[in-house]
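In the two complexes that follow, chain A is the common piece, with chain B as its partner first and chain C second.
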Partner chain A sequence: MADFLSNYSIQKWLESCPQGYLEDTVYGHGADEREPEELLKNEQFREAQIRTTVQLIAGERCALAASSGLINAAPDAASKTFLATQTLDEGRHVEIFTQRLFDLGIAQDDLESTIKTYINPNLGKFAEVLLEKVDKKDFVAGVVGQNIVLEGMAFSVFEMLHATSSDMNPKFAHTLAGTIADERRHVGFGENRIGELIRRYPEKKPEIERMQRDMTKHMLATFHDSFAASPLAAASPSVAPGARKSAGTYQGLNLAEASNEEMEGALSSVVLNEFKTRLGRIGLEYQSPV
Partner chain B sequence: MSNQSNPHELGDADFHSTVHSFEFWFEAVEGYLHGRPYGVSPSTKDVELDERQREGLITTLCNYCVGETAALEASSGMIRFAPDRHAKIFLSTQVVDEGRHLEVLLHRMAQLGVAEPEAEIEKRANRSLLKFKDRLLDFVDARDWEASVLAQNVILECLEFTVFRHHSGTADPVTADMLRGIVSDERRHMGFGENDLGRRLLMAPHTHDRLHKIKRELDTLVLDTFEETLGELGVDRAERPDLAGDYLAAVARLGFRS
Partner chain C sequence: MTDPLETERPVQERKPRRSFELEETGFNEVPKRFRKFYRRWRGPGDTLGPNEALCPVCKVVIRSVKELRAGDRVYCMPCMSRLELVEEDGMLLAKVIY
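Right after this comes the complex of A and B.
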């Protein structure tokens, strides 16, 4: 275990993250990169982008509360120091997505009211399930909820948003690339650290599987609402109308032609397959909410 | 990463969004952490310690680990009830600083041949410091923001700042180099405590009495910690540095006189 945890040290994190892929970035993107003018001028698309970004901030606020809250419950110094790096990663994500709202024209004083207006209530319920485990200082359930379920979902959502924005909105794509690299590290820690703890405490399995089922239910409801709420932007969330024709592909779907239902189906399928694979690796069986 | 202009030239709102940000943290630490694995320059040569020196240093490092673990657990616990997003972001940078301190201290202990650091810490930990840690985490568990900032970002940080600064002047070259990096972080953490509590005391002067009562209680534990630690290290009374005086002066500079 010591060798595996040494790969998640703060020293390694410093070298690979702030001194690595974040070098020469400002709020996660290049200093000269901007939101596309066409997007900022089209009120419907701008609002769709605000709605999407609010969900990202809500998810990252939950991740910040969870990762910092788990430090006190971590059983050893190496897990505490890894969670310290994750706490700052999540704090950075909150910061860069908040900055994106400002770049989209939200005034600083309107930040909280904007979040309140656009946040999906199902995402709030998703966070409540996880934070209940964190509040109880349940390290094993908390890390599964945080580093497998929440991070697994975030990872897939960021990849989809990255695919849809890489050609048309390099600034947002660049921002997402850094967060994807962070999430990959977080998921890796969850899989490696928790597998061993699940084997040691098999009696915790039913409770953790219940938590995963509840979180999955709220996640799928969030996806459904999000795609239904942004009919024009959901299938191609980061680009302006004229640009959709040249948007790329995601999971074999042509983004210029895919319907919202097809996009929702593709994203849900990717995330659920991720869950099944990652939960299997730590000795848990995926529980369907249906 | 961007270059920040002098933040003290900014207005209040811009000052907080600049200083309490990942960007600002990174620019602050990059200068003294880049190319310094585990906080020590590769050109710094380690020296041979005799057994008494080695034992004394291990005991000291064990107690530093208690302090840094307390700071890590407290700063991470405070994020949940921090009053605004700037404070949350600042605390998340402090969490990684405290985690780094713990990591470099454990790394130094491994270099000194300590195979089971956690068992060693339990054996050598100072009782007053453990009591201090319990009190600090009581404030955090109670979600008492003002008491937590006072105990963590004023008192504990001043304690560490005082001790590490003194120790870096007398320690072996590797330990001294490592401690200087930690002291640079502590200055930033103390700045946050001074700024946050200073503004709160201006707006609500009645909280002053409550915080002073807490300070008096914690001061006793801090001063006992100094006595116990120096005693355990076998430092002759006549030769002991005036850690208590320096600590009280550092706290007073932040606006908390005895």
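Right after this comes the complex of A and C.
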């Protein structure tokens, strides 16, 4: 175990991340990459992008609060070190998605009011459930909530957004590729560290499963509201107007023809299946919110 | 007397493993010296080679210079998971070692 935990080092993070896939990037993308002009000129599409980006910022702010809050609750130095690197990853995610709002034309002074206008209230409830565990310094529940439920959801959402933007918005796709690479480490830490700890503290299972059920309920409500509130953005979140016909596929769905309901169903199905599989591997039973 | 462990071992295990030349695949999520050992999973249409295993945690393909077989242990550097290969329904699957 000691050798395994030594993988959670700052040096390895430096070589993989800032000296690796983030080398030569500016706010997570190439210095010469820009939001598509057609998107910026169309107010309906621009607003849809702002709405989507606000949800990403809200999720990342929650992840930043959770990962930093869990450092002092971690039972060993290696986990503290890993969570320190994750805290910087999450801080970077908040920054790059905030920068995207500025790139979409939001003035710096209007940042907080824009977030307040567009944030989905269910996402706030989702965060509250997790941060309650973090505030209580409950490391095992906090890491399950943060690195398996929240990061598992983020991993799937980022992959969907990446699939829908890779052809038509390379700047956003590039930004997302870096966050997906970060999420790989985060979900890996969640499964590997908790997979071992949950065997040591099996009495914690019922409480953690309740937390997962509540977080799942708020997550599904967030998906539903997001796809219903912003029809154009929901099905094709990052492409320029007129570009949907050349958009790719996601989970077998043709993005040029998929309805919002189909997209919501596909994303929910992917995330829930991931939850079941990941929780099952570490000895927890997925709890349906229905 | 025959060693039972020897008789239970599949005949295939005694065959020499095939070797593979690994080329760069554009995967950049680990330090440069390790990049050729990984590639991105291209989704449902993708297939694994005899020297490849899919990490169930982060969905990255792990590549070896030798053919992989059940019982082998591999390491997924992008998500830092330790994996063991097992055979289920004739397929080679990677299971996480906690």
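FYI, the second predicted complex is superposed on the first by the 290 of 290 C-alpha atoms of A that agree within 3 Å, B and C clash if a C-alpha of one lies under 4 Å from a C-alpha of the other, contacts with A are read in each partner's own complex, and residues count from 1 in each chain.
The criterion applied here is as follows: a contact is a pair of C-beta atoms (placed from the backbone, for glycine too) under 8 Å apart; a residue touches a chain by one contact, two chains touch by 3 or more.
Owing to the predicted nature of the structure, the values given are computational and were not obtained by experimental measurement.
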Between chain B and chain C, positioned on chain A by superposition, is the outcome a clash or a fit?
fit
So, A:Leu272: does it touch chain B (first), chain C (second), both, or neither?
neither
Contact-wise, after the overlay, does A:Val143 reach chain B, chain C, both or neither (first, second, both, neither)?
neither
Taking C-alpha centres, what angle do chain B and chain C open up at chain A, rounded to the nearest 10 degrees?
90
Which partner, once the models are overlaid, touches more of chain A's residues, chain C or chain B?
B
Looking at the overlay, does A:Ile282 come into contact with chain B only (first), chain C only (second), both, or neither?
second
First (chain B), second (chain C), both or neither touched by A:Leu88:
first
Which partner does A:Val157 contact after superposing on A: first (chain B), second (chain C), both, neither?
neither
After the superposition on A, what does A:Arg185 contact: first (chain B), second (chain C), both or neither?
second
CA minimum distance (chain B, chain C), superposed complexes, angstrom:
12
Both chain B and chain C contact which residues of chain A?
19
Touching residues of chain A toward chain B in the complex: what are they?
9-11, 14, 18-19, 22-27, 31, 64-65, 68-69, 71-72, 76-77, 80-81, 83-85, 87-88, 90-92, 94-95, 98, 108, 111
Contact footprint of chain A on chain B as seen in their complex
1-2, 13, 17, 21-23, 25-26, 30, 33-34, 37-38, 65, 69, 72-73, 76-77, 79-80, 85, 88-89, 91-93, 95-96, 98-100, 102-103, 106, 117-118, 137
Residue ranges of chain A in contact with chain C within the complex:
4, 7-8, 12, 15-16, 19-21, 181, 184-185, 187-189, 191-192, 195-196, 199, 252, 277-278, 281-282
Contacts from chain C onto chain A in the complex sit at residues 28-32, 44, 56-58, 60, 76-82, 96, 98
